[in-house]
Amino acid sequence: MKPADLREILDAVARGSLGVDAAYDEVRARVHDQAFEDLGFARIDHQRELRQGFPEVVFGPGKTPGQVAEIAARIVARDQALLVTRVSREVFQAVRERVPDAQYAADARAIVRRPTGAPPLVGQILVAAAGTSDLPVAEEAAVSAELMGNAVDRLYDVGVAGLHRLLSAHARLAAARVAIVVAGMEGALPSVLGGLVGCPVIAVPTSVGYGASFGGLAALLAMLNSCAAGVAVVNIDNGFGAAAIASRINQLAGV
Amino acid sequence: MKPADLREILDAVARGSLGVDAAYDEVRARVHDQAFEDLGFARIDHQRELRQGFPEVVFGPGKTPGQVAEIAARIVARDQALLVTRVSREVFQAVRERVPDAQYAADARAIVRRPTGAPPLVGQILVAAAGTSDLPVAEEAAVSAELMGNAVDRLYDVGVAGLHRLLSAHARLAAARVAIVVAGMEGALPSVLGGLVGCPVIAVPTSVGYGASFGGLAALLAMLNSCAAGVAVVNIDNGFGAAAIASRINQLAGV
Amino acid sequence: MKPADLREILDAVARGSLGVDAAYDEVRARVHDQAFEDLGFARIDHQRELRQGFPEVVFGPGKTPGQVAEIAARIVARDQALLVTRVSREVFQAVRERVPDAQYAADARAIVRRPTGAPPLVGQILVAAAGTSDLPVAEEAAVSAELMGNAVDRLYDVGVAGLHRLLSAHARLAAARVAIVVAGMEGALPSVLGGLVGCPVIAVPTSVGYGASFGGLAALLAMLNSCAAGVAVVNIDNGFGAAAIASRINQLAGV
Amino acid sequence: MKPADLREILDAVARGSLGVDAAYDEVRARVHDQAFEDLGFARIDHQRELRQGFPEVVFGPGKTPGQVAEIAARIVARDQALLVTRVSREVFQAVRERVPDAQYAADARAIVRRPTGAPPLVGQILVAAAGTSDLPVAEEAAVSAELMGNAVDRLYDVGVAGLHRLLSAHARLAAARVAIVVAGMEGALPSVLGGLVGCPVIAVPTSVGYGASFGGLAALLAMLNSCAAGVAVVNIDNGFGAAAIASRINQLAGV
Amino acid sequence: MKPADLREILDAVARGSLGVDAAYDEVRARVHDQAFEDLGFARIDHQRELRQGFPEVVFGPGKTPGQVAEIAARIVARDQALLVTRVSREVFQAVRERVPDAQYAADARAIVRRPTGAPPLVGQILVAAAGTSDLPVAEEAAVSAELMGNAVDRLYDVGVAGLHRLLSAHARLAAARVAIVVAGMEGALPSVLGGLVGCPVIAVPTSVGYGASFGGLAALLAMLNSCAAGVAVVNIDNGFGAAAIASRINQLAGV
Amino acid sequence: MKPADLREILDAVARGSLGVDAAYDEVRARVHDQAFEDLGFARIDHQRELRQGFPEVVFGPGKTPGQVAEIAARIVARDQALLVTRVSREVFQAVRERVPDAQYAADARAIVRRPTGAPPLVGQILVAAAGTSDLPVAEEAAVSAELMGNAVDRLYDVGVAGLHRLLSAHARLAAARVAIVVAGMEGALPSVLGGLVGCPVIAVPTSVGYGASFGGLAALLAMLNSCAAGVAVVNIDNGFGAAAIASRINQLAGV
Amino acid sequence: MKPADLREILDAVARGSLGVDAAYDEVRARVHDQAFEDLGFARIDHQRELRQGFPEVVFGPGKTPGQVAEIAARIVARDQALLVTRVSREVFQAVRERVPDAQYAADARAIVRRPTGAPPLVGQILVAAAGTSDLPVAEEAAVSAELMGNAVDRLYDVGVAGLHRLLSAHARLAAARVAIVVAGMEGALPSVLGGLVGCPVIAVPTSVGYGASFGGLAALLAMLNSCAAGVAVVNIDNGFGAAAIASRINQLAGV
Amino acid sequence: MKPADLREILDAVARGSLGVDAAYDEVRARVHDQAFEDLGFARIDHQRELRQGFPEVVFGPGKTPGQVAEIAARIVARDQALLVTRVSREVFQAVRERVPDAQYAADARAIVRRPTGAPPLVGQILVAAAGTSDLPVAEEAAVSAELMGNAVDRLYDVGVAGLHRLLSAHARLAAARVAIVVAGMEGALPSVLGGLVGCPVIAVPTSVGYGASFGGLAALLAMLNSCAAGVAVVNIDNGFGAAAIASRINQLAGV
């Protein structure tokens, strides 16, 4: 509830056009009651789009197919964008019964549905991935970013052990407003790519690797210690998280 | 070296206005030779401003006062912005002998000098800090961001244990294009603040804390696992790193 | 065995009403022999209710269905409260054959049976959970607390990324004598909720999360480093442990 | 600001005894403006006593003596209880110049001052410590608890390698409403003591130990994994934190 | 090869009863060639019994049933004691085809066969376990110790949360020449038991526990930091390792 | 692209025998375009053999059988050596359909195919393994090294607990130009073997072990801390990585 | 208090030679009151020698010189053996004022005093150390073991990188009843030495090393994972702890 | 002792030119007695040069200046190469009194002395360092390699954030027989450099960095997970260790 709204209610009370009890209820209701929808097992935050530019996203793991379908139906009922991450095709079946026009992005393991009348995609987010095994995470980032209204350029398998693969894409690097850089193993790609571009870089460590990669810890630490300026890091395998901040950055620059 | 430059040299060779040997040397020189200055103990990357929008920054620890002063003098000789981080006042004395108009930002433990004719500060970067003990890191971020040409709003001691201190600053949160959020201990501030704003959030864990904070590890992990969308993280205590990416984001949005 | 008991036996010996051998056996027996029941694979501590207010609880993992059923039968034979944690429905089938009126709390993965003539529930324990995925742990806490004789108020999906969901429940927060706060990922909820209430807060980190949550380590460290006063922490996913201390606190305050 | 307050203001507006602008300002002011005192480097949360039963406590490390003294003076100006933790005698000298009746608890490394007219100490908090080296942490807990209005019983050097030292204090264990148990090294005391009592146990791991104690990690993990019911844990060396929750528990039980 | 052997060969050479070439071959052979049996995938160390009092033990994991059976057959062919640890009943089937009188100790997941004419069991090794879930490890220790010729006393489910269960067994504690103490979770039993006895204590942490037990790390660290004197530790879940050193200690004391 | 190539093109332009546009395209093409083959999901680095002496190796995990087969076919189409690591026999079936003369090295879990006309094997690489369970890793190293053109001597089950097994192979140790030493558990073999030889030692920790081996961490740390000179370490279980550097070393010494 | 004592008191009561009150006091006193001496900051466990064969040892760190001197005086007053570990010569000065015949073992950083009439040293404990830097820990073990009544053989600088230094001492290895093996860095010595002897081996990791030794963690993990049978481990740098268990083992074997 | 030596002695015995007792003593002496020099606190391994190509190196930390000087004098007495690592100038003063022609390499913190008549330097070892702060480690490697008889090319401050600094040195990369690559922070340089060369790469992580570099752990893990083939790793900051293996590799290739 914004100051202007409070002032308007107070004016109405002063004018006598609104009773005290009604005003009291109105203030309470505006602030709290319409802010979320309580399903018992979940409280869907319907104010999030207003507050942050994108509706609540459904993190799939730990929820039953039925729970996911129910939440999805509520979101779509308001014609908001739907994004469910890290779900199998089986969960998708359950969602499709409630949301017939939902789609399954298999590489990204995500369920998506764009709202009607969504504006055209803008700007340019580069999604670069070091190796073929990093694709599920890169695709989660790319699909999420597209659903959030961003044009995405995918540049895959450009790991630092064969630098020419990356250097040959210099024009595409230069065209990016913001770059999402996905890598496992030693996680060196954000440092190298970050040294070549002038745009913000969002680094995504992946759990790809073995032995002393310790489930992505090696890549995570490397990225946090990047000697290149302009790099920030999200959680291991968190393609969606990278897309969320990259989208905000890209949208900041307008069309 | 860009394709256009190569084509121009090739045209000159074809026209006969440039000999093969000269052209060969020119190509080599453009690509490599003028790219850095070799001091023996350091190779100053003078192309970095061209490539990334800000010149090389000097990381103080592990360098002698003499080395820092020498590097600083070379950077100032080209009238580039000078930023030396994590140095004591003693190092500053050495630098000031070579760069008389350098200044020491004591709270941030940094040496700064703006180049002549620097453009006015633009946009708005919010630097929020959870506690008083986080100030050195927050100031490193703020001072760095200002030197990079950004207007900065400082909002300190707004930790989550007393939420009203943060909520009372709602207008300042709303005015930020990008927020740098600095916190030690449990590192919860980026999650809470990130849930209130729609702009990108750069989280900086600090080593403030004791016991199971393990030198900032607790805050780092918390921030990487933030349930708020739009948050990315830099290294522990890395105020400069946060400023570097925040500046790129803020500059992206223009004046 | 209390001093008074020893004195009484000694008096009897002095009076000649108790022989030395009998007294010797009595003293030994009182101290040790009736304190537990030895099943070979387990020693059930029947003194625990007397000593600590609640009988021994059966931790399910690593025990066969038969072992669990045998232990359960012995506990019920004394009409003590029965609580078996972290068991599948299959284990419940084995228990029900020996304890027909046992019940299975599916959300909590627990087997429960209240003793006959149990007193009415008292006080108010708030069980708050940050997300839907934290429900199994929250339910283990809630079900355990109820079995221990406490009235429980469940407040789920109130994570810090949408603060208004928590703030709207202010009256329920204020009504709690003690709060159990369950959260995974960055584990920030205890800090925020702990800053809003004046009652003791028992924080329960969960293993919900991925990547750098490292199986709940991130939430655990965050909670241990909470900047809010009045917060203590139990093991990851340990809903029962939280209930045990919360119950002792709630019972302390009487009816 | 509570609902009753809002209703009262609205009534005044409806009666015409309060103008809209004044009412608007009043509402804003009540909610935010008087809630803290902004010193630039710190925002003192003066509402905390009202909200949580004890005023803001000053964590000493990372603050200058001048900053601590300034904050202390502001707190004492409102005649609130003053507690500054983890400070040297040198900091105390600075504080005493501003707060002449402050006292230095050397064993606990804390500065304390009771407000005038503080009520008599109530209840009984047991502070048990495993070894002599754990005393600074135990004393921080004891001194903090006393300042918060609790009667404290100190039981030191009762580590589990000589069980009879603990068992001989059985009456004192039984008299406690809540026990704070401080131990380093293997951190076994809370498990053993927790098995003997029926009251809540707050375990405090200390950094006492060497080698594979890893700065208190061994004791912390042991306490989190305690097989005794009714135990919760605070941060390593966090005597104050243990006192804060123990005080809330003790106060819950009344006089 | 011992000095006496070398001297004997040299004498024979000097006497002319042994040629230089033969002597050379003899020396080489004695030192190296008969020391082990090379199966290609394994080199069975047949000297081990001579050198260390017990033949090579077969660690099951990572070996095929066929490999285990082959190695077992070679060991039994020399009528040495056979011990295979951490194998399923399926592996046992393969072994029994080659070694018909081998036996499977199901609780310990071990295959055993005593050599013919093995001497009677001596001394007394106490194997104490904190909880029912620790039994597989405790049994691996007990079965191994028995095969090595030691009398074993099993004392299970005597965890520290119910001290009287342990204290009631004081006579059995006093009878032990050496104690193997097995515990998971907080691993406090060796400290408590170690404070009650005067014999050497071998502590075995187990992976029993959850959350912050981190696969037995909590118990391991606790045991390494034990404040009780006379305690040493083996690897997590390493029942066999505990038996090996306990056996050497027990045998040292003779019959 | 090498300087000589650039000069030749420039000469042709100067001579008029090559047009500017054609020269421009040629330069670009040489540098970037023929360097790799883009399959969408992968960019095969065909320059790698030229640059580093061995073609790109296919890391199996995380790739579908179809993807592996496709990449394998492309590599074989150029008659380069084919090596696919860490794949099951099922993946091999898919590859054999595209590459009929590929072979499956079951012990090493690798697919191999030598190019036609490969030169004879040279030098001598010793592959030593501490235990039978380390064989899969040792075989991955041995098979890889052979495919790279090196003669390999396998010395297995020579762990330090039975030193004579290693010492008896002294002649084979002395014959090695470089030694690959594979060990799990405490990882002591490289230190002992490294103290006996004068050649470079590449240590490979394996994940063989349990409890506090933490997936090979114990062996890894031990090898990194080796007190023997001349030892360097590769990732846990990384047999291929050891072969790659050992091959370069062996080839350095010529035939 | 043993059963026989209780029976004797009961007999006296039955005979009328002991009153009930006196008996009651006697029982209580025997069990608890004379068991320790309460100095306020410490409870000296005077029963420990009776219970465990050696009096309480004073761990120096974290205690003031005055506290150490006071405890030392109390121990010597009963003519028990005095051992204070990890103290500087300054602490020794304070102790010597109270205990004139105390001695300072500088290499071990320990204060020692043998009780009058101590029996001659028995058995043979071997203390082996890998490198010169491990001497302080090895000496703490050796000095402690001697004070406990054991003959000690010191064998230093026999690290595995030069095996012959160890092998040349074979006779001394064979003479040991129990071996304490001290090593830092990769901690391989217990595995190698453990493979050569038939006696129990107590391994002591030291914090000697750098980089990835992580303060002795590498050696600790290596020793816990030793492939040699008959090895158990104490805490990092814990020379005293090794002596305590080694002494119990050595004493077990008699003179 | 080699087989040929043994045969020669046996021949002499057979010929009667050597008595049995003398032969016996000779064999024993050759094998063990002359292999090292026992200083009490150290056993200098004089056979190491014969066995491994370079004499024992003195690791400075934890040794007194007097001990270092004594060991140095013994090594120089045999005119072997002297290398003492990680020592201050103060230690050097002590050494120079015993070894007047020793020299102090300040950047490397090492004491060196070449033996008389040392052969000319051969081959080419490249020592590359990412940043100026890595120089002490790089210099330790370079100085050590030179003392071992290798020609060294130093290439410093070529971190990946400014790739052109590295690419411009392509000819020097190509000239190396083996490369030592030193880097802190994210440790990406070995991956990038390793992708450009065909020679073996020895990676040295340094402790340069802060926050989540955790004392070099980040760089270490990155290097172990390098996606470039042909890379092996030594301990953090272990410049000497890198030189030792690089020297063996370089010497393998002859002059």
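Per-chain residue numbering starts at 1, and chain names A, B, C, D, E, F, G and H are given in the order in which the chains are listed.
Everything that follows uses one rule, which is that contacts are C-beta pairs under 8 Å (C-beta built on N, C-alpha and C of every residue); 3 or more make two chains touch, one makes a residue touch a chain.
Note that the structure is predicted; figures quoted are calculated from it, not measured.
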Exercise for the section: Spell out the chains that contact subunit B while also contacting subunit C. Expected result: A, D
Practice task
Report back the single chain whose CA centre is most distant from the CA centre of subunit E.
Solution key: B
Problem - From subunit H, the most remote chain by mean C-alpha position - result: C
Practice task
Tell me which of D-G and A-D has more C-beta pairs in contact.
Solution key: D-G
Exercise for the section: Indicate the whole-number Å distance between the mean C-alpha point of subunit C and the mean C-alpha point of subunit F. Expected result: 55
Handout entry: Separation of mean Cα positions, subunit H and subunit F [Å, integer]
Key = 26
Exercise for the section: Report the inter-chain centroid distance for subunit A and subunit C in whole angstrom, where each centroid is the mean of the CA atoms. Expected result: 39
Exercise for the section: Mark out which residues of subunit G touch at least two other chains, giving numbers and ranges. Expected result: 131, 161-162, 195-196, 211-213, 217, 220, 224-225, 229, 235-236
Completion exercise
Touching pairs of chains in this structure are A-B, A-C, A-D, A-F, A-H, B-C, B-D, B-F, B-H, C-D, C-E, C-G, D-E, D-G, E-F, E-G, E-H, F-G, F-H, G-H
Completion exercise
Contacts from subunit A onto subunit H in the complex sit at residues 130-131, 159-163, 185-188, 191-192, 194-196, 209, 211-214, 217-219, 221-229
Completion exercise
Within the complex, subunit F is touched by subunit H residues 51-54, 57, 177-178, 195-202, 220, 224-225, 229-236, 240-242, 244-245, 248-249, 252-254
Problem - Touch list for subunit E against partner subunit H, complex - result: 3, 6-7, 10-11, 13-14, 16, 19-20, 23-24, 27-28
Practice task
Spell out the part of subunit D that touches subunit B in their complex, as residue ranges.
Solution key: 31-33, 35-36, 40-43, 45, 47-48, 56, 59, 61-63, 67, 205, 207, 215-217, 220, 235-238
Exercise for the section: Would you pull the subunit A residues touching subunit F in the complex into a rising list? Expected result: 132-133, 135, 156-158, 161-162, 164-165, 167-168, 208, 210-213
